[in-house]
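Below is one structure, written out as structure tokens, with a few remarks after it.
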Amino acid sequence: MEILGLYNYWAYVAVLMIGFYAVIAKSNLIKKLIGLSIFQSAVFLLYITMGKVDGGTAPIIQAGVSDQIFSNPLPQVLILTAIVVGVSTLALGLAIVVRIKESYGTIEEDQIHLLDHKS
Amino acid sequence: MVTLFAVFLLTLLVLTAIAVVQTKNLFVAVMLMGIFSLLMATVFFILDAADVALTEAAVGAGISTMLFLATLALTGEHEKPSKKGPWISGLVVAITSLILIDATFEQPYLGDPMAPVQQHVAPWYLEMTPELMDFPNVVTAVLASFRGYDTLGEVFVVLTACIGVLFILSAGPGAPNPKSPRIPTAPSVGLRHHLIPRVVGKLLIPFIVLFGLYVQFHGEYSPGGGFQAGAIIAAGMILYALLEGEKQALKVLPQSVLIGMVVGGAMLYGMVGVVGMLMGGNFLDYSVLSSNPVSGQQIGILIIEIGVGLAVCGALLAIFHAFAARRSVG
Amino acid sequence: MTTVIDILSWVLLLAGSIFVFIGGIGTLRFPTFYTRLHAASLTDGIGTILILGGLVLQAGWTLAAFKLLAILVFLLLTGPTAAYALANAADMSGMKPEENEVSEVEK
Amino acid sequence: MSIYQHLPALQVVVPMLIAPLVVLMRGRGLAWAMATATSMMAFIIAVSLTNIVLETGAVSYAMGSWQAPYGIELRVTAFSALLLLIVTAASTITLLFGKQSIDSQLEEHRQPMFYAAWLLVLAGLVGIVVAGDAFNIFVFMEVSSLASYILIAAGPNRKAMPSVFKYLIMGTIGATFYLIGVGLIYMMTGTLNLADMEVRLQEVQDIKPIIVAAGFITVGLALKAAVFPLHVWLPNSYTYAPHMVTAFFAACATKVSLFVLLRFEFLVFHQNLVEHVGHFSTFLIPLAVIGILLASGVALFESHLKRLLAYSSIAQVGYILLGASMATASGLTAGIIHMFNHALAKGALFFAIACLATQVSSLRLENLGGVARKMPWTMAAFVIGGLSLVGIPGTAGFISKWLLISAVLEKGTLGIFLVVAVLVSSLMAAVYFWRIVEVAYFGDAPKQSAELHEAPKWMLLGTWFVALANIYYGLNPSLPLLLSNQAAASLLGQLP
Amino acid sequence: MFYVVSIAIMLTMALALVRAFLGPSVYDRVLSVNVFGTKTTLLLAVIAFLYGRPDFLDLALAYAMINFIGILAVLKFFQVRSNQQQKNQLPGDDLNDNRD
């Protein structure tokens, strides 16, 4: 079990980097936004992982049950906020992509670059 | 044992993320993102974050997918192969991940009860919530009261996104005419020709909204609260728009009403804070709202959760309609 | 009495798991889209009934049982609807059931 | 409870809560009037806060009456007071005098949302400045970033969209990096409150997660602050944003990120990480110097007026950072006061450009021949701003350059190289301004120049107001100097 | 016992995931998303019992709802797309063109 204790962190790093790669290496703007979503999700995983306590349960106190161990509520609160921030950014990014598609006719970054330098 | 479940699901999660990045079809990528969100939500649930799991499912698998699909309908779904060499990006990513992995070895193990996170601040919340708020969901207590200012900021992030999407999509060739908002014909048809989904869907909408209200008002006792409720109700109303067409949905809830909901929700939240200030407390101090601090907290949390629910529901719906009502150009 | 209910519920859960798993194999191994849809949606139905039924027996007469039944009704309504909608969408797009897998390769 | 105690909260809450109401304003100019009045109110609050801070020292405010570290703390120090003044003043002046420019660039039915977004940027920026909680900084960073994407997307050129998309991607990466860093620190300390973090980090100093966290926070904030080489989002965003938005952002947006960066480096990390001062300086001095020289070099060859100034902004971020990376009281004072003086200089320059843009069709250098003969007042203000940016005695820019050079000289041999770099880049700045002045005053007028008139009076008034402020604070720098001195002292407070 | 059920469900999820990776048609992907969603709902219900917190069944219900709405959104997307293709493409062009 010892070695598995860090597995969550490795998974978060892996997901983080997959998302990061998509953001910086892909040319398609929607793919970049998808990558950004993955990238942000990884951070959610980091926070939620650190809040877990062995043998704990979700921090909602049950009536009539004593001696319960609860996992940490604070990272969960932070991530609730961060999820909202993530979807807000995503919506804004998609709106911009729609406008780019309308005025450039493409959503590929390198083609937009070419079009900008031609004019 | 359950940790092993998490290990298994996390492995699937990483594989899904790789598949999302690999595929050249954006529609497929969006479908896989739906799976990604569901997996993520399940992992959250296993890691004891019930509220977060609910939000991730409603937002990640529900709202985000719909926004992506609405955009894909306007932009096309094929990704062209990039000429960019992946080497530099790969190098940056490799270095960053090595640094992060290296750091993990000095991090506390998953579930370590002696980790610093479990020692400071958090135990205070767990201990004081029953005493100060007198309800069981500590996450709601921290979200709405102890760190209520963050949540106020979060509501304004949603408001900003709503204003932004409406603003950005109010110009350009595909924009609906500002003088007479004309809704394009293609999306307005809805799924009228699909009898079975339409009947079943319409049957379920009231239950979805009802469930949303339950999540809203039961958020102090079980997972849920304003944000999750807003997202679920918005999803229900989006279902209505899918079935009956944009035109009908906008007739029931026009954009102006939705904007009113967003503004009203945000103001409601802010006003609770201001009232607290006028009654002699600090900003967002709910204890002064009633002669008994505990019931004052409960009243304050109830009202601000309603504000959050209204704002989030209105904002997500307005954003969805702004995408769906846009004409596809070219 | 409780042991009888327990055993019954275990049987239901086990049967449900088997059905669900078989459905998963079917989704993976069947040759064409329509056969895969068939495998998935049928076993989804029976698997859901059995597993949720088993859980209801575990829960007894509580709010949880009511919630489980609500989930059950919901899944039973939406599952076949989704399957129909998918089959319909595929059919409308020109994909015909008699076609074999060779003609529908995507990449 | 007097109202004065609530000022830190009101500073954020007033613009934030009025923003949604502005969306609903439909009448002619009503949205503008409301936004301007709100911004003025924020400025008045900032002035009174500054007074309080100067009288009694740092002010702390517990949101919801929950004491830190359990609740969220707001904290106003001399440093934040200076930033508050910059941000609210920049917003108020650009709004007050910039209406005609905004009207000419944006359709009326889109204006209410634009002004609401403007107030949200303002609320987000002041929210970051007064926050005393690491996660709260993230939330308000996102409020201000999302709203600034909206403002930039209001630019009329279609190129505004790809540039704002780039900004969105890089801004979100920066914010997420910051969030990772905060997460790692939280993991090792269990707290999010900055002051508490400072204390609790001592127990866990020098373990890898903390060092990695320091790296991620630095990189994330550097991205937001457009520190070289992470500046690539800035030039196009500034170029294609509406002129008034550029004036506002150039004056304050990147500085707020720098403010957070300095606060983390000096208050949270310095005492707790061995050799952190050394690492900080070794990393940042080269970056700052290369950034200053390279960005000035690019500006030399740039012919679009706004992009030229955007590159100059990147160079100025380098100056601020160079001062800060000395990690001495005099260096920090120089860096901090340069935030103030650069805001003045860039404000005047971009205001003058907005005036120009009301008359000329293109802001490329080749289009501006002889424009000074038609618009003498505008160009005169532009020249004052330029002189201040170059650092001519008698202008505000001179004060910061002087302090910077004297701070750098304390470093011995290395200092001499740095002084040379600063002087060279000032020379480069003089050259690129001379190019503009030469074209504008002595160039041949393009054919359509007969239609040119002086800019609208009201906007000219604003331009001159800022331009004269450059001279005023060049001759009498006591207020910014006092605040920067206190800020530097508080940042270095616990250092030996 | 709950363990056996959850393992069976998780294996099924993995199988559905493989189908989602393989495709080949977009409808197969949608199908696997649907299967995946139902299985997640069931898994959540089982884990709620495994954790002894049956009050978390709300989440399973929410998942079921979101899953259904998602599938209908996809259906709508197909419809909008085929409308566009009818408008934009020459008649006789294959609507089933899922090739990249």
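Order as written gives the chain letters A, B, C, D and E; numbering starts at 1 within each chain.
Quick note on the criterion: a contact is a pair of C-beta atoms (placed from the backbone, for glycine too) under 8 Å apart; a residue touches a chain by one contact, two chains touch by 3 or more.
Everything numeric in this text was worked out from a predicted model, so none of it was measured.
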**Request:** Mind listing the chains that sit against chain B and also against chain C?
**Result:** E
**Among all chain pairs, the one with the most C-beta contacts** = A-B
**Asked** Most remote chain relative to chain D, going by C-alpha centroids?
**Response** C
**Complete:** In whole angstrom, the CA-centroid distance of chain C from chain D equals 58
**Message:** How many angstrom lie between the centres of chain D and chain E, each centre taken as the mean Cα position?
**Reply:** 47
**Computed distance of Cα centres, chain C from chain A, in Å** = 30
**Message:** As a quick test, compute the distance in whole Å between the mean CA positions of chain C and chain E.
**Reply:** 12
**Asked** If you look at chain A, which of its residues touch at least two other chains?
**Response** 16, 20, 50, 57-58, 60, 62, 74-75, 78, 81, 85, 88-89, 92, 96-97, 99, 103
**Request:** Would you please write down the residue numbers of chain C that are in contact with two or more other chains?
**Result:** 74, 78, 81, 85, 88, 106
**Fill in**
Check: chain D positions touching at least 2 other chains come out as 135, 139, 142, 146, 149-150, 153, 186-187, 192
**Fill in**
Touching pairs here come out as A-B, A-D, A-E, B-C, B-D, B-E, C-E
**Asked** Mind pulling up the chain B residues that touch chain D in the complex?
**Response** 99-100, 102-108, 115-122, 124-125, 145-150, 152-154, 156-157, 159-161, 163-164, 166-168, 170-171, 178, 259-260, 262-263, 266-267, 270-271, 273-274, 276-277, 280-287
**Asked** In the complex of these two chains, what residues of chain C are touching chain E?
**Response** 10, 13-14, 16-18, 20-21, 23-25, 27-28, 33, 36-37, 40, 44, 47-48, 51-52, 54-55, 58-59, 62-64, 67-68, 70-71, 74-75, 78-79, 81-83, 85-86, 88-90, 92-95, 101, 104-107
**Request:** Provide the residue numbers of chain E that touch chain C in the complex, in ascending order.
**Result:** 1-2, 4-5, 8-9, 11-16, 18-19, 23-28, 30-32, 34-35, 38-39, 41-42, 45-46, 49, 54-55, 57-58, 60-61, 64-65, 67-68, 71-72, 74-75, 78-79, 82, 94-96, 98-100
**Prompt:** Within the complex, which stretch of chain A touches chain E?
**Reply:** 57-58, 60, 62
**chain C-touching residues of chain B, taken from the complex the two chains share** = 25, 194, 196-197, 200-201, 203-204, 207
